[in-house]
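The structure under discussion is supplied below as C-alpha cells; questions concerning it will follow.
So that you can tell them apart, the chains are marked A, B, C, D and E in the order they are listed, and the count of residues begins at 1 in each.
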Amino acid sequence: MTPYLGRLVGKKDLGTDIKLLQVELVEPNGKARFADYRPGQFAFVSALGIGEAPFGIASTPSGNGLLEFGIAKVGSVTAALHSLEVGEIVGVRGPLGNGFPMDEMKDKNICVLGGGIGGAPLRPVIRDILDQRSDYGHLTILWAARNPSLLVFTDEYDLWRSAPNTELHVTVDEGDEEWKAAGGNEGLITQLLETIAPSPENAVTITCGPPAMLHFVTLTLHELGFSLDQMWTTLEARMHCGICKCGRCNMGDKFVCTDGPVFRQDEVAGFLETYL
Amino acid sequence: MTEFTLQDQIRDRAKQLLASEQVKCVIGYEHGSRGQVRPAFIHQINDVDSLVWNQGCTHNLVTYLRDIKGTFGSDEHLQRVAIIVKPCDSRALNVLLAEKQIEREHIYVIGVVCTGIVEGAGYAGQSSDKLQTRCVRCSDRVPVIYDLLVGEPTHPEITDDYVDLTELEAMPPAERAAFWLKQYERCILCYACRQVCPGCYCSTCMFERDDSLWVGIAAGVKEKEAFHLGRAYHLAARCIGCDECERVCPMELPLSLLNHKLAKEVQRLFHYCAGDEPSQSPLATMLAEGEEFPA
Amino acid sequence: MSEPRVGVFVCHCGTNIGGVVDVPAVVEYARALPYVAHVEGNLYSCSVDGLSSLKQGIHEHRLNRVVVASCTPRTHEPLFKDACEQAGLNRYLFEFVNIREHCSWVHSHEGDVATVKAIRLIRMGVAKACLLEPQDEAESGVIPEALVIGGGIAGMTAALNLARQGFHVHLVEKEAQLGGRLLQINRLCPTDIEAYDLIKPIIQEVEDHGRITLHVSSMVHEVSGYVGNFQITVAEDGEKQSFDVGTIVVATGADVLQPVGLYGYGQFPNVLTQLELEDRLKAEPPLITGAVLINCVGSRIPERPYCSRVCCMTSLKNAIQLKKLNPDAQVYVLHRDLLTYGVEFERYYRRAMKAGVRFLRYNLENPPQIVGRGRAENVVVWDALRGRELHLPVDLVVLSTPLVPASDNERISRLLKVPLGESGFFLEAHIKLRPVEFATDGIFVCGTTRWSADVSESISQAYAASTKAAIPMRMGVVTAEAITAYSEPSFCTGCGTCVVTCPFNAI
Amino acid sequence: MKYISREALQTWLDRLANDVTLIAPRLVDDILLYQSVSSAREIVLDYTRPKMSAKEVVLPSSEPILFVEKRGQEVSLTEPSSGAQIIFGLRPCDAHGIAVLDTVFVGQEPIDLNYARRREAITLIGLSCPQMREDCFCTSMGGMPNDPTHFDVLLTEVEDGYAVNTVTDKGRTLVDHLNLEEIKGEPAEPIINETESVLAQEHWPDLFADHYWDLLAERCLECRMCAYLCPVCRCFDVQDQVTQQGISYSKYDRLRCWDSCTGTNYRVVAGGHNPRATKGQRLRNRFFCKFHYFPVEYDHSGCVGCGRCIEACPVNIDIVEVMRDISRAFNASQISNASPDAEKGVTA
Amino acid sequence: MSEHTFQPRIIAFCCNWCSYAGADLAGVSRLQMPADFNIIRVMCSARVAPEWIIKALLNGIDGVMVLGCHIGDCHYISGNHRAAKRFVLLKEMLAFVGVHPDRLLVDWVSASEGRKFQTLVTEFSKRVKELGPCREWQVEIQTPQR
C-alpha cells in the first residue's frame, strides 16, 4: 500500500478540467516495477496530503519512459493533482489490474470506442497497435465527448489518421459554433457507430466511457452483429486498495481491481450486479 | 380498553385502507424473529394480521418516511402510506411537516394512545416490565396529529420531567467533561443514532462530507465528540425525545441526556417544545418583543 | 486554481506599527508559513511606493494570493484590491490583516506581545488567503433617482445639485414648509445677511424644479433594497406612497438643546436661548442696556463632552446685533474658550471687539450666577483672568446651547441600517477618508445630522454627499459583492427555512 | 493437554500484561470489550460475548498506514511499525473471524503488508465457550465453541482451572516455560445449538434478483453497526490527513478507516453515479458478500456465526432468519421450478 | 501548566458592520487591552456557526467571543436575533458537557463602542485566565529567530 515516489515532469490540458500528468518515477524499484505494463492497467496516483485515486495508465512502456495519466477534475484528489506544479512529488502505486489481452487481438480488426475521459486508458491500446501496426488488422477509432472541449488527445489525431490501415471518426453530443462551422459530427457515439458500421467479421471492440455509453454501445454493437465475446471494456469503481483488500469495488463476486478493470462483455453480462 | 382491541382496530383500519387503495403501504409493527417487535411494512391485505400493538412497539416509525420521500408521486397519482404513531412519534411528524419533509396529504396517520413502552423493547429476550425513562416522564399520552385515533385518552400525572439530568447537572464541570469523554470514547461511529433519527434527514451528513471541515476521517475521540455535540445541537428544538438514538446505540451511549438537556433549555428559554405544532424552530425565528439575549 | 503562492506585505505604517511590532521579525516568520512565496516589509504599504512594490511582487514572484498586514480593511481594503487588480490578480484573492487597530495600537506598551500577536494574525490571514478563490462581480443597474431626507439647507442643496445633473429627486421634509432650521435664524455670520434672503430663492427653486418631487409633512416609513435599487415608502399625513431610488442622502439636521434648569432658563423671562433671541430680533428688536451671552451652556460637560462649534460665532453675531441696536449697551460674552476658527471668523471676532463687545472667560468650577427677582437682574461671574468676581447688571441673558442629535435619528438609523456615533449623531464610514458616506453603499450624509456645522459647511457637505451619490447613478451600474450565499443542491433537503429566514426575500 | 490453575493463570496474565500489550475482555462502563488491560484483575473470564469482536486489534477502526514527510521537494515515506500484542480470552468465533481476515489480507497475493506486520506480532490465547448463546450459530458456520483451530493456545474451563491446548509453535514458546502439568481427564463438551442449514454458495445467485431484498431492507436503517460489530467485515476507506503543512515542511498521515457497504454513499463514484442506489441493493450486498462473494473469492464464508449483529440490530435484521428465508425460498423454487409462479419473490 | 504562566487563547468573532468597527475604534482611541485574543471578521454574528465554537473550544481555544451589532441594528436586519438565540442555547449545551459557560461570551458592540470592546476583551480574558485551559493543547508560536 506504499506508493513509489514520482516527479511531475509535465502537465498539459487535454480539455476543460482534464489534464494529462506526466510522471517520472524517481526510485529504482519504482522504475523496475513500472518497466513493463499493459494497456488497460491502472495505478493509484497520490496527491500527498490529500489522498490517492486510481487512474488508467494513458502511456505505454515503449513511449518516452514517462507514466502518463489523463485526469478529469471531479473530486478533491483530482483537484489537488490538477493544482500540482511541474517538479512536485506525487506517489504512484501499481501497475494494477489485468489490462487488455493484446495478444488475443492480434491479426484482428479492432474498433476502439472512447467517450470523454474514457479515452485516456484507450490511448495506450491505440499506441500499442500503431507501434506494431502489422500485427493487427484494420483499426477504427470512434472518439466522442459531450462537447468539443471534452475531447481528449486531439493533438494525436493526425498521428492516428496517418497510420496505415487506420481510420478515426470523431463526434460530440453537442458542438459549439466553431465545431459546426468546421463541419464536425454531432450526435451520440452510437449514431456514429451505426453510420460507420464496422464489420463483426474477425473483429473485436474496445470501449471505455461513462456507464450509460457502455450500455448503449453494447446494444448497438449487438445490432451490428457483434457477439458479447468480441467486445472488451474497462470499468471504473470506487476503490481504495487496488489489491482486493478494501472490499469496495466488487460488482457481484467480481472485483474490478483484480478481476478487471478490463472485462469481456460476456463476463460483464454475467455479473450479478450491473455497473449502470 | 385492552391492548388486544387496539391491535384489532389498527388491523381493521389497515385492511380498509389497503382494500380501498387509499394507501399503498401501512407502516406498523410486527413480531420479529426472536419474539421481539420490529417495524413492519404491510403492502397486502393478507399480511395485515401480522400487525401488532403492545408495549414493545418502541420504534419511531416516522424515520422511515425519509426513505419514501420523493416516491409519493404527483398529486394526481397520489401514493399515500399509512403510519402508526405513538404520541411521541406523532410529534416527529409535526417537525417534519414544519420542515417540509413530508406533506400531510401523503400520509394517513393512525395515532395510538400509549401507556408507555417497556425497557429492552425491540431486542430479543431483553424486554422487562419497567417502562422506559421517556415513558415515565411522558405527559402526553395522545398523539398530537392523527387521522384515526385508537384508544382512550389518559392524562397521567408527571412529577419531575427532568430528573434524569439532575445528577449530571450537579457535577463539577471537569467531572462532567470527563464523563462525556468516557462515553464518546466508546462510540464506534456506526451512525445508528443518526440513521434512526427522524430529524436527521440530510442527504449527506455534514459530519461525513468528504470535504468536512468538522470531522476528519479518523475515528478519534475528538471526531466522535464533535459529531455527537454537533448532532445534538442540530437537533435542538427539533428533537421530540423518542430516545431511539439511545436505544439503538450498540455502545450504550447516554445520548438522550444531551437531547433532553437541550429540550429542557429550549423550553426554559423559548417556551417551546418541539413537535407540539408544525411550527418553525425558535432558533430560526426572530426575537419576540421584549426578548433579549444575552443582555 | 493552482497551488497558492502567497505574498505577504507587512506595513510599518511609519511608527504606528513599526514602533511597537518588530516588523522584520514578523517578516522573517511569515516566510516560513505554508504557501508563502514572498514576504516584504513596507514603510507605508498604502503609499504609491508601497502599492507599486505590491504590484511588482505579484509579477516577480508569480503571486496568486496577496496578504497585506497593515491597518483596517474598513478603509484601505478597496485600495489594495484595486492594486491587485491592476497587477492582473483577481481582487478577491486579497486578504487583509489588521495589525494596527487590532494589534499595535491596542498593545502599544508590549512590543513582544504585539509582535507575537501580529504573527498570529498574519498566520491566520495566510491560511485564509490559501482558501480564497477568484470571484466575478455581478453588475446591477442603478435607478437614476435619489431620495433626500430633510428639506433644510443641506437637503435642498443636495436635492438641487442632483436635480440639476438630471437626476430625479424625492425630497422628504417632515414639516409643512421647506427651509429647516434657517427659517428660525435671523441673520447669518459673518456677512450678516438675512437668513431668509439666502434660503428664499433656494426654496423657490426646489419647489419649482421639475425633477424634484416634494413630500412635505412626510416621514420615510420603510426602506428596503440596496444601492442602485432601494424601495422607499413615505408616509404623507398618514397616507403611504412607495417609489424606488438608486441612492439616499440623509440631511435630517439636528435639534438645539433646550437649557431647562440652567442659568435661570425657564425661571426668568429674560433668559433666552440664542434661537429665541433671533426670533425676537426678527420680530421686534429689543432695546437693551445690559446683556450677557453665556457660551458652552450644556456642552463640553461630562454628559455632553463635545464642542458644538457654531455657538461661538452665533453669540458673536448676536452680540454685534445687540450692540448695533444700542451701541451704549453693555454686552458681555462669557466663554470658556472662544473658538473662532479660520480667516473669516477671526476677523468677525475682531469686529465684535471693535464694536465694544466684552469677553470674559469663566470656568466650570465657578459658573456664572444669574440673580434677580422675577427676572434676571445681575450676572455674577468669576473673572478667571483678573481673578475677581464681577457683578454685571443685565436686562437680557442669552444662552448659547449646542446642537444635539435630532430625536428622530434613532428611528432613521434603524430604518436605513446605518450607525449612530457615541454622541447620537450619524457616524460616517471614515472621518477623514469617507466623510459624507455611510459604510452601507449608496447612502450618504451631510449637514448637521452628521455633526455641528454652519451654513457654509452644510452646503459644502451637501455638494459632496450629492456628488458622491451621483456617481453610481451616473455610472448606471454597481458591481455587487461577488461573495453571496447559494444553495448547494446536493446538500439541500428542501426544508425551506432559508426562505422564511431571509429578510431580503433573496431566496 | 496441560492444566493451569486459576491462581497460576492470574499470575501468568499479570506477567503478560507487564511484558506486552495484553488485550482481553474487560468491562468498560458495564460493556464488555476486548481492550488492553494492565493486570489480570481487570479481565472478565465469565462466559459472555464481548460487544465488539476482536477485529479491532488486527484491523483498527482507524489507523495510519503510511506517514508522509515532505521537506522542500524531498519526500520520504515511512510505514508504521507494530509491537507485540497478545489477545487473551478470545472466543473461538472471534479467532475464526481473524482467520478469515488473515485469508483476505495475507492469504492472497499481493498481501497487505500493514496488516501482515501487525498480525505477525499478535498471539491468540483463546477461551472456549461452555455453551452457545441463543443467538450464536458458530456451529452452522463450521466452528465450535471449543474449536482450537485458529488459536495459538486455547484454554477450556475445567474444575478449579483450565485445560491448556497449545496449538501452534507461537503458543508453545509462550506456554512451555510455565511448566504445566498434564491434565487429568477431559474438559466437558460445550452445549450447542441446533445447526442451521446454510444454502450452498453456488445457489445464492438464483436469488439475487428476488424482491425479498427490497422487502427486507425496508426496515433497515442503513447504519453500519452490523459491519462494525462483525468479526469479518473488512471494508475500509483511505484518506490522507494533514498533520503539519508548510512550503518547506509538511507531514501527512494516510489513514485507513472502517467503512460499511450498508452506508448510502458507499459505492458512489466520482461524478455522483451510485451503482448500488437502493437500500435493497446495499443490504443484499451485505449478505451476498458473506455467503457468496467470500466463498467465491476466498473459499471461505464471510460469516463466523458469532451472532453479534443479531443481538445488536435495532430493527431485527436477523442473519439467521435471512439464511432460513433464503434456503426455504431456494427449496421452494426447486420444487416448483417449472411452475409459472417461479418468478415470484420469496414472500409472494 | 501553572496558573501564572497560562496565556489563554481567545477567538473574537466580530461582525463586519458593528463590532469590527468597534474594535477599530478601540484601536484608534489607543485603548490598551490584553493580547490573548484574535479577531476573526465575519459578516454577521449569525454567520458564526455553533460548530465553529464547538470545534474551537474542543481543540485548544480557551474562550470564544461572538460580538455583533446591537439588536435592531443588524445590517441584515435579524441576523443577530438568531445569533442571540443560538448561542444562549449553545452555552447551556457546552456547560452540560463540561465546558464552562463563561468560555463563550456573546455581546453587542456598536461601531462607536470602542471602550465597551476594550472592557469586554479585558474582562473576558481575565475570566478565561481564571478558568484555565479548556482542553490540553499543544502548539504555541515560537518567538521568531532573527
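FYI, contacts are C-beta pairs under 8 Å (C-beta built on N, C-alpha and C of every residue); 3 or more make two chains touch, one makes a residue touch a chain.
This is a predicted model, so every value here is computed, not measured.
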item	value
Most remote chain, CA-based centroid, reference being chain A	C
Identity of the most central chain, Cα criterion	E
Distance between the centres, which are taken as Cα means, of chain E and chain A, whole angstrom	54
Between chain B and chain E, centroid-to-centroid distance (C-alpha), Å	36
Separation of mean Cα positions, chain C and chain A [Å, integer]	67
Separation of mean Cα positions, chain C and chain B [Å, integer]	56
Shared-contact residues (touching 2 or more other chains) in chain D	237, 239, 245, 250
In chain B, residues with contacts to at least two other chains	204, 206, 284
Set of chain E residues in contact with two or more other chains	78, 82
Footprint of chain B on chain D - complex, ascending	28-31, 33, 51-52, 61-62, 134-135, 215, 218-219, 221-225, 228-229, 237, 239, 241, 255, 257-258, 260, 263, 265, 279, 310-312, 314-316, 318, 320-321
Of all residues in chain B, those that touch chain E in their complex	168-169, 171, 173-180, 206, 214, 222, 225-226, 229-230, 232-233, 236-237, 257-258, 261-262, 265-266, 269-270, 282-287, 292-295
Residues of chain B that touch chain D when the two form their complex	32-34, 36, 38-41, 59, 63-64, 67, 122-125, 182-183, 186, 188-192, 194-196, 204, 216-220, 244, 247-248, 250-252
Of chain B, residues touching chain C in the complex	99-101, 201-204, 206, 209, 280-281, 284
Contact footprint of chain A on chain C as seen in their complex	1-3
